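Chain IDs A, B, C, D, E and F follow the sequence of writing; residue 1 opens each chain.
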Amino acid sequence: MSKQTLNDDTRGKLEHVSTATICTALYKRGLRNQFIQDVHPLNPALGNMVGPAFTLRYIPSREDLNPVSVFENRAHPQRKAVEECPAGAVFVIDSRKNPRAASAGSILVARLMKRGVAGIVTDGGFRDAAQIAKLHIPAYHNRPSAPTNLTVHQALDINVPIGCGDAPVFPDDVVVGDGDGVAIIPAHMAAEIADEAVEMTAFEDFVTEMVMEGRSILGLYPPTDDRTREDFVAWRAKHRR
Amino acid sequence: MSKQTLNDDTRGKLEHVSTATICTALYKRGLRNQFIQDVHPLNPALGNMVGPAFTLRYIPSREDLNPVSVFENRAHPQRKAVEECPAGAVFVIDSRKNPRAASAGSILVARLMKRGVAGIVTDGGFRDAAQIAKLHIPAYHNRPSAPTNLTVHQALDINVPIGCGDAPVFPDDVVVGDGDGVAIIPAHMAAEIADEAVEMTAFEDFVTEMVMEGRSILGLYPPTDDRTREDFVAWRAKHRR
Amino acid sequence: MSKQTLNDDTRGKLEHVSTATICTALYKRGLRNQFIQDVHPLNPALGNMVGPAFTLRYIPSREDLNPVSVFENRAHPQRKAVEECPAGAVFVIDSRKNPRAASAGSILVARLMKRGVAGIVTDGGFRDAAQIAKLHIPAYHNRPSAPTNLTVHQALDINVPIGCGDAPVFPDDVVVGDGDGVAIIPAHMAAEIADEAVEMTAFEDFVTEMVMEGRSILGLYPPTDDRTREDFVAWRAKHRR
Amino acid sequence: MSKQTLNDDTRGKLEHVSTATICTALYKRGLRNQFIQDVHPLNPALGNMVGPAFTLRYIPSREDLNPVSVFENRAHPQRKAVEECPAGAVFVIDSRKNPRAASAGSILVARLMKRGVAGIVTDGGFRDAAQIAKLHIPAYHNRPSAPTNLTVHQALDINVPIGCGDAPVFPDDVVVGDGDGVAIIPAHMAAEIADEAVEMTAFEDFVTEMVMEGRSILGLYPPTDDRTREDFVAWRAKHRR
Amino acid sequence: MSKQTLNDDTRGKLEHVSTATICTALYKRGLRNQFIQDVHPLNPALGNMVGPAFTLRYIPSREDLNPVSVFENRAHPQRKAVEECPAGAVFVIDSRKNPRAASAGSILVARLMKRGVAGIVTDGGFRDAAQIAKLHIPAYHNRPSAPTNLTVHQALDINVPIGCGDAPVFPDDVVVGDGDGVAIIPAHMAAEIADEAVEMTAFEDFVTEMVMEGRSILGLYPPTDDRTREDFVAWRAKHRR
Amino acid sequence: MSKQTLNDDTRGKLEHVSTATICTALYKRGLRNQFIQDVHPLNPALGNMVGPAFTLRYIPSREDLNPVSVFENRAHPQRKAVEECPAGAVFVIDSRKNPRAASAGSILVARLMKRGVAGIVTDGGFRDAAQIAKLHIPAYHNRPSAPTNLTVHQALDINVPIGCGDAPVFPDDVVVGDGDGVAIIPAHMAAEIADEAVEMTAFEDFVTEMVMEGRSILGLYPPTDDRTREDFVAWRAKHRR
């Protein structure tokens, strides 16, 4: 299913554009709320995280339903979701913006990495954050949190539409993470946004180069001067972009 | 389905005990998180709200999915839920604690009232709050909020487990509201909690009477003095409680 | 100046529609952020507050610039603004959503009332709130706050564009307040919104009447059934609306 | 002990001045942080609350130390404090600004009332709020809260310096509450502040009268015009204040 | 006194287990609230912080009591506490979760380091944070904060029970910090928790190794499969753990 | 204009003192609120940021006024301000403490750097944060934020008094940033504060050296012992400070 929404071409493009550029492209289409608020990368050196969303929904935990022994049940939604998340997908958790207990820890994240999952995001917090930061899988959270998830979270639903950091996330929406955080692209417009973002990135790289050479941003960014548009054409030719 | 979890006897008892008493009874059983935080009654004079929970789940809205025209769809979850909520139930909305747009307005609340629904709760806000305050159906929210729900909410699921004001709410859990706010009793312990709360209320009424007569709370509340226990027996006999 | 943006006809219409209805009309035009968040009426019985915005901007106070003696200066922006606000306007204060000290007190609000000002709004708090609640001028704030405004606020600008409760407010925008709170209508669309809101209100009143008679909201609200549209035509004729 | 800090004369004066006026008098002396933030009266019709502070300090509760049975211990600090708080004092609770569980309920507040205590304040919440609202003792809190205090609070210290709503409160500081909330006057300056506040109140009453007659606040408030000062002298003579 | 609660054996064990593991061990015993919320290590490379708690309590500052000259008093609680905190203890400050002014700066933290103190924690902020980050003593705070503590804090009590980041902290409770933050172990169960945490850590290390080899978490974590338990026995033998 | 308020001598001094020291010097003069709350350096290795403030004020954005095309207008306040900010100044943005959309991105910050601007501060967030972190210009924000500023911000005023992180900032006030954050020195006292801070820094360096040698802080910090004062004289002579 994920393949349909995110082919290799689109994935490849999204690996080299920023969430800032994506958010502007979405803004032009009237979508203002696709950035997951207040999550941060644990391992920012890994490069962009890209993949279709696979979701997990938590609700507040009730004490009688959440002894430590619940994990002995192989059908427990948190553990089940970790084993079912498709390779190449991004595992996105609705923790109700509550980082007072962990959304997951290093063992589950390591398992996701081994299974080929493309990344993990929670609007809560991870435990064992220093260990996760060393794993080769992008991970985003609000802040570290040592208490077991059972303390405030109860895993309930797998791969349903959720909220994460005030953004709507539907299964198979395309998730992109970089140093700024995580953006959600509605599945049906992923290819279109990727194309536009690649174009915008070329222009922004050109602008950055011009700015570093001392040019004013007026007339350059946006390119209201004819000269800017001409220079950009030349720059693209020169850089084959 | 609701009948099983909340028979008339239990409902009747819960109509005359306080959420404070219920929370203490739940606390004795290890449940510390069953009070919906920070919601307030719009029409506190109506007396206790009691009924099994019927839930609606919102996620953050996405602009392209939420033009005003969505309500023309008879299957829109918000409108559908209003027509499907059983008489006698309490309609509980997970608005992600976000009162920046309305969870519902006076027309929908009036329809619930006419359908015999026992009350409505959101951890967001209602629009037309002054009108709702005049309806004969208990309603609880965080604060008034005029913007249409589409502004920040998208109705998604009907009658699934949700969070509301940081409390877990499962369908058919028993919802009780009074002047302090709203407590959630797990369905399977509703009868037991109701019985205990009635007993506790008798004792608290006795204690209040003694305190108003000038007695110290030491030995009285809790009843560690023999005299207190004896006096209570006499008081119960006298008041036939 | 205000007369241009708000003629008597428009003002009259806006006195009889709700902020909920106005917010929906604005939403249809792509404006999602025109409701001042988290302010409440001190005297809700007074009816709608309507008038063009006249603004005052506070910044955080600096102790050396804000001894009590600053008010001896007749040019102090807070006092000057109170004397300059046009009759019929609504005085809107940008208090940076900080109610830890007062935005104004009962004497200034009484003066505004006597000068014929149509209302006052702050996203902070008023002192002497109980006295203000007795005055015949609509007033909206976040919560009562006794400390003098100098404690955290410094009045700076009169009648510039501001933010109030996260909403943008430009001078002469039309301000409408009711029990739910306060909505801001951009000046140039006030007449159009008023007209549409009057129409919507007629329909909502019809719908409310139908709902109270027991009709389902499906097909009625919105009016996707032919019967609804026909009944509404008849209702309008009967009620001359 | 309390008698020293608050004699009948000072108490009497403080019963007829506002917390707004008191805060301004404190501000003139460099005290900017003596207003308890975000607490509200449950029974505002009762008039000013005045008395020396008697304090109770809560810390976060630990589950193993807080079974319901702790109240069987007559030395439990919450119950002990209720019986020890002097008549005429105000009972002030440091609940760490956490209203997620109750600071106290109607039985304890009723006992305080019967013992002649002058009022009760918490920066958390009370349970049985509707009952407390009917008692003849001023009570201030953040919001109603049904869960037993044991859920998040553990009573620890009696009559030590505390913080309440971000204000410092030392035992015997003079506490004054009105419709706006609660101000704390350092014990040693209570008489001085009371005297000044009475003077300020006379002037404010005069100003209010002038404003209601249509006079501008410029030159009047503050009284920079000679005429204002002369009129005030005449007004005082006439009203014997 | 501290020696009783934390012997070298227990200390040694706690230096090599995580706060996540400790929180789970506490959770099994019904303690859900022993993690200090939202504090972060300034120098995470130093390894675990372990020691019995020695506490300092701040209340909100009152301006007249807090001129800079208060520090000239050798009995000032902040300075006194720094000189009295036992070597090997962890200095824990109740800053009421307020980082708007500093809880301490680099000079005091350096002094604690020289005195052999095992670490320092505040739920507020430190000034000179970059300097503290270079000291060889673990330090945890919410965020850097340059203003002198007198701006909002007044040191009051030494070594009394406090709240820190919403967790209860009693003197001699055992404090453990790592990359995730800081956990508080009640003094009487420190040895027991340490023992269990060492066992749990061995199992978690085994699980991590298995996961990195590609094994599924189902049946492995928790060890519901016989094979897991057998493999773990073998792993322990091999690794002599 | 800026030259008057910040000469090279003062600038040089402020480049080598901490915001903590500056805040204490300001505190001694009764200024308690000059630290911008909750902003953090993106590139802390660059050393102190020093310069007179040049400000930009945002208000909440209104959708119809903020299509992406607004930047085509060369007079757009954000772009205009970037080109007008004087070399040597610090660009300070009032983002109303809202980091949900960007205050600026790497291209604008690069342009400021090339123009010789001394630094940039927002109480919101920057997009392209990882790129900004590599530029040779100090930058401070609350957290990274990818959405274009138009999403929630509208640039309005250039170089007016603003609030930033709850601190008042007037044009030409002297802005100093270090690892702890950003302090604002009123323009007229910049030289005086710089002088005092240099003196204080010498003493603090001496104290730190003494503490690292094992001396107690009592009598040393503050220097209430004669010996301290004598040792400091000797230390200054030795270190020529």
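Just so it is clear, a residue touches a chain if its C-beta (ideal position, glycine included) is under 8 Å from a C-beta of that chain, and two chains touch if they have at least 3 such contacts.
Keep in mind that this is a model prediction, so the values were computed, not measured.
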Where chain A and chain D overlap in contact partners, by chain label: B, E
Contact-richer chain pair (by C-beta pairs counted) among C-F and B-C: B-C
Reference chain E; chain at largest CA-centroid distance: C
Rotation angle superposing chain B onto its copy chain D by C-alpha atoms, nearest 5 degrees: 120
Centre distance in Å when chain A and chain C are each reduced to the mean of their C-alpha atoms: 39
Centroid distance [mean C-alpha coordinates] between chain F and chain E, Å: 32
Rounded Å distance between chain B and chain F, as computed from the means of their C-alpha atoms: 50
Per-residue overlap in chain A, given as positions that touch at least 2 other chains: 30, 32
Complete list of chain pairs which touch one another: A-B, A-E, A-F, B-C, B-D, C-D, C-F, D-E, E-F
Parts of chain D lying in touch with chain C, wherever the complex brings them together: 18-20, 22-24, 27-28, 32, 35, 37-38, 40, 44, 178-181, 183, 204, 207-208, 211-212, 214, 216-219, 221-222, 224
List of chain B residues in touch with chain C within their complex: 68-69, 71-72, 74, 79, 82-83, 99-100, 102, 105-108, 110-111, 114, 127-130, 143-148, 150-151
Contacting residues of chain E [partner chain D, same complex]: 29-34, 59-64, 96, 154, 156-157, 160-163, 166-168, 186
